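Dropping the structures in below, format is structure tokens.
The following pair of complexes shares a single chain, chain A, combined with chain B in the former and chain C in the latter.
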Partner chain A sequence: MNTKKLLGFAAFLIAVFVLVPLFISATGRWDFFYTLTSVALLSVGAAGVWLTFYIGRINIGQGAYALVGGYVSTILVTQVGMSFWLTLPLAGLFCAFVSALIGFPILRLRGVYFAMVTLVLTEVARLTALALPITNGAKGITSIPLPGELSIFGLTIIPAFGSLSNPRFGFYIMAVLLMVITYLVLWRIVNSRLGHLCRSLQQNEELSASIGVNTAYLRLLAYAISSFFGGIAGAMFASIAQSIYPSSFVVADSVNFMLYCFLGGLGYVFGPMLGTFLLYFGWDLLSIAKEYQLLIYSGVMILLMLVLPNGVLSLLDKKEGSK
Partner chain B sequence: MEQIIANGLYLGAQYALIALGLTLIFSLMNVLNFAHGQMYVFGGFVTYTVVVQLGLPFIVGLFASAVVLAIMGAAIEKFLFAPVVRRSKRDESTMLLAAGVAFFLDAVILLFFGEKQRGVPKIVNGVLNLDMRIIMPYDRILIGVLAILLIVAFIAFMNYSRTGRAMRALAQDKMAAQLMGVNVSRYSMIGFALGAMLAGLVGGLLVTITGVNLGMGGPTSVKAFLMIMIGGAGVISGAIAGGFILGMMESVGLTVLSAYGDITYLVIFASLMVFLAVRPQGLMGKPWG
Partner chain C sequence: MSPILQIKNITKRYGGLTAVNDVSFDVNAGEILSVIGPNGAGKSTLFRLISSFVPATSGEVLFNGERISSLAPHKVARMGVVRTFQETTIFRSMTVRENIIVSHHLRSKASLFGFFLGSKQAKEDEAAFAASADDIVDFLGLQAIRNELASNLPQGHLRALGMAIGLATDPKVILLDEPFAGMNHDETMKMVGLVRRLRDERGVTVLLVEHDMPAVMKISDRIVCINFGQKLAEGTPQEIRENEKVIEAYLGSEDAAIGM
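Let's look at the complex of A and B:
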């Protein structure tokens, strides 16, 4: 079983790092790089949302942390002159810190109450970005410099994006790498003691508290990790788009993050990745349908929900059951 | 000061009506209806079509949007929500469905009615002017009074009719209601239709004053969520209280805080966070409703 998993992982790596670029250069659809980069980054954010689902909370506030992360990184790059690669973890840590502060009161809420508060949180983030002087209001911050080179002891690990002949390809590799690392971390968390404890929260919070699980600390930790993912995804996004506005991440984006998790399947670590890919890539492909794009997209989404209410990956379950 | 209170009451009456529909659906089916704002916009467009394009009187338009939305709500419940609720492992799966319906309605509105802002001409002209202390156009007063009448009618319906009693029983305890012979699937459908109808009615009322456009659905849903969080989800008195409180806060905030820029909603959100930290279930909600 373990070798099977390793083989699957290797096949996935080969697919995303070798086959996809080959396919794109063969067909000449260079815009797919941009789409797939977005898919990879959004799935990083969705991974965070999935982790909050894992402790039994519905998180519709990931857009808020993506926005905060984007602004933190942008402001550090443009006003302090820090290297982008340093701001990336800083943006994530800042989001984790903020989410711990906010999470302390609101994580006491459950079910729909928590979902609604987090939804409102996205709106709060947008309004804050509009009101604060440092974020430059509705005009946003534009022409952010591309990430520079990252070198340790004189050894260049990542070349400066400005010097690349094809920065799109560079961004694609970078985003996919980030996605792979995120999901490895997520997989590790789920299959650790922490993951088991989180699962106990999902099933029955009172019961797990009664046998001595520190539930308040655990849900704060899970929420902070979740927001960390949201923050780095937002920071990367701002740097790729080279601009950030208060409307870069709105309520619809937060809802989308949640939908990616649902569609992929809440019971599977790689569910959010698949869900993001299907929904975002599908949306992009449907742009040929012009004004019917949204109609077809939402129609398919409703149908999928009717046929597979437990997510696309629940198909795997049925196979195993029939054997 | 009187002006602020009058504005707050007027806003609150409409907000309460929106929140009532949302809370009704939530209490019966445990479904957070993301599409509520879109239903409201749809109702506005139906009234617009009947009144402006067909040239019929306003009351016909209002009636039409109520009927259209009620049928739509019943269909959505019967063919979409009921099967998914029956088959999914987790309650939350209905949220994906609700969001899908919201997108779908957005698409339908875009195709049928376009993306332009639409409004209906004033139904009553003139402005009420009390000593320059309260200045309020007559049409706003009419809409406010209509909204309050609708709220009263809704409460009476829920309290005294057989259907209303059945729905209240369902909201209290589904299992017990079922054992007493309440037809759960039938009353869930009626409840959803009623909730959607309320959204359509508010849309029809407000199209005469503010008009409607495609982009209004999402923000309206967020506001409706705010109201039922203040009052407590799934409780009718809570929805009404939440609606009036939000209306009042908005009215006061826009006057008092206008000197500091557009931060009214920021202040409302922040105070809501503090309030929920103290009282997570809202003013009148049952814990973990």
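Let's look at the complex of A and C:
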């Protein structure tokens, strides 16, 4: 990392951990914490979708893993009595494991065929949640206790959320922290050999195999990491909402995850983060247009894809090119 | 000379169509062997069979006595049998140098996780790959275009890049699919020289499929001629040139086609 990037990263950290909370407490708009928490968590899920794009697969199934992750964490907390902080990685790992099982057959598919199967996955997850006794059907699981204290060797790292005067602020910090870690991991993947191989896979799978890349394994690995992100995002969501239903994540959410990636830019690691932010707030802002909200929203999306097919972040590239 | 690659009674059927029918021949270590034949004779299928990109219906391919048919393509590549592609297949949105560096994958000693963490071994690997990539760039004379995006390259350079990608895997046997296609005389002669140097300087055994008869006659130690999926003849360029069956297969244009 060069100095410029380090400075940018530091500026980002200061903005999200200091400036935004200061701004919110100054204006008293505490609901913004909730909105920004959602943005941060959705962008964690979108990071996963972006990684599957990076190996050349269109993933419209992240909602399924978010739902599975949410249920796994919730069930472990409510029925087993496990600490939420332990269930968070477990939910991710469970999703990674499930996605490896599912991915093994379906990752052979390409293009629109893979996309269609993943689209169905979200619906399968919803129907499964409706049918299983442990997920409590359509009634879902409610009154999930807030995350407790996380301490190692008696040292409190995260205080119990119930004891906080403002749990919303606590969730905001946790979600943003999760987002920062996720994108650091993603950034590292993309800039290491792992990412270079993913790129080779995206551009030409046959050639990739002929230079000795185990393409099946690499696809599976990328998909599992992708689903891990989806799982932890879902788990955190369920904990914040203190409830989870089969309809917590539906097909529309899966599609949104994909749109976040498109909007931000598929060629940029931080594309999905920006895309999530813009789209989430864009949608809220458009609520002033009342019944025309969806129309304007869709129109703008189509326009953006026509004008900026490589995402919003491609604007930066153009600037640099003209220098 | 001992055979490095043995093709034994290999057959490939697609439904009712037999693309390759009971073909056998040996490739000796350190030789340049060409497979020739009219259009649709099954040359490309044969190549796909040898590199294990398609499974054989029957028969087998042995590399140093070990069976490689039915292995996954990346495993065949790992053993040292690497193909280049007819369609000038490359990683289009990478630069020439990136293409070559990424193709060093087989030589990496660090694990993917090691690369993720940036371990000492991973850093050493990356440095070695970069050095080797520059070496290959020099070997193939690609210095001027090393930082050019692959999608911007003209045909001739693309083919050289394809060869560079193959070389990066450190192959023992390289399969070149029509390396001279679409080239003019000068370009072909340059390529012939390059393929020779591949063998002479890097000790790579070369197996190539080609249409361009003058080039094949010039470059090959031995030639295998196939037609309608079957082997017609095998021998030195001189023997092939005088073979009745081969002349018949290229009937009507034998003089021009065989390059006399």
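Here is the rule we go by: the second predicted complex is superposed on the first by the 321 of 323 C-alpha atoms of A that agree within 3 Å, B and C clash if a C-alpha of one lies under 4 Å from a C-alpha of the other, contacts with A are read in each partner's own complex, and residues count from 1 in each chain.
Everything below uses one rule, namely that a residue touches a chain if its C-beta (ideal position, glycine included) is under 8 Å from a C-beta of that chain, and two chains touch if they have at least 3 such contacts.
Small disclaimer: the values here were computed from a predicted structure and weren't measured.
**Q** Would you check which partner chain A:Ala100 touches, where first means chain B only, second means chain C only, and both and neither mean what they say?
**A** A:Ala100 sits against neither chain B nor chain C.
**Q** In the superposed arrangement, does A:Leu221 touch chain B (first), chain C (second), both or neither?
**A** After superposing on A, A:Leu221 lies in contact with chain C but is clear of chain B.
**Q** Have a look at where A:Leu177 lands relative to chain B and chain C in the superposition and call it first, second, both or neither.
**A** Neither partner.
**Q** Determine, under the contact definition given at the top, whether A:Leu306 touches first (chain B), second (chain C), both, or neither.
**A** The first partner, chain B, only.
**Q** Determine, under the contact definition given at the top, whether A:Met82 touches first (chain B), second (chain C), both, or neither.
**A** In the superposition, A:Met82 contacts neither chain B nor chain C.
**Q** Looking at A:Leu90 after the superposition, I want to know if it touches chain B, chain C, both of them or none. Which is it: first, second, both, neither?
**A** neither
**Q** Under the stated touch criterion, name the partner, chain B or chain C, that contacts more residues in chain A.
**A** When the residues of chain A touched by each partner are counted, B comes out ahead.
**Q** Could you tell me which stretches of chain A are touched by chain B in one complex and by chain C in the other?
**A** On chain A, the chain B and chain C contacts do not overlap at all.
**Q** Tell me, which parts of chain B touch chain A in their complex?
**A** 26, 30, 32, 34, 80, 83-84, 87-90, 92-93, 95-97, 99-101, 103-104, 106-108, 110-111, 218-219, 222, 225-226, 228-229, 233, 261-263, 265-266, 269-270, 272-274, 276-277, 280-282, 288-289
**Q** Would you mind writing out the residues of chain C in touch with chain A in their complex?
**A** 51, 53, 72-74, 77-78, 82-85, 89-94, 98, 101-103, 105-106, 108, 112, 115-116, 118, 122, 125-126, 165, 168-169
**Q** Quick one: which bits of chain A touch chain C in the complex? Just the residue numbers, please.
**A** Going through chain A, the ones touching chain C are 188-189, 192-194, 196-197, 199-200, 203-204, 206-207, 209-216, 221.
**Q** Which chain A residues qualify as touching chain B in the complex?
**A** Those residues of chain A that touch chain B are 53, 58, 102, 105-106, 108-113, 115-117, 119-120, 123-124, 127-128, 130-131, 251-252, 255, 258-259, 262-263, 266-267, 291-292, 294-295, 297-299, 301-302, 305-306, 309-310.
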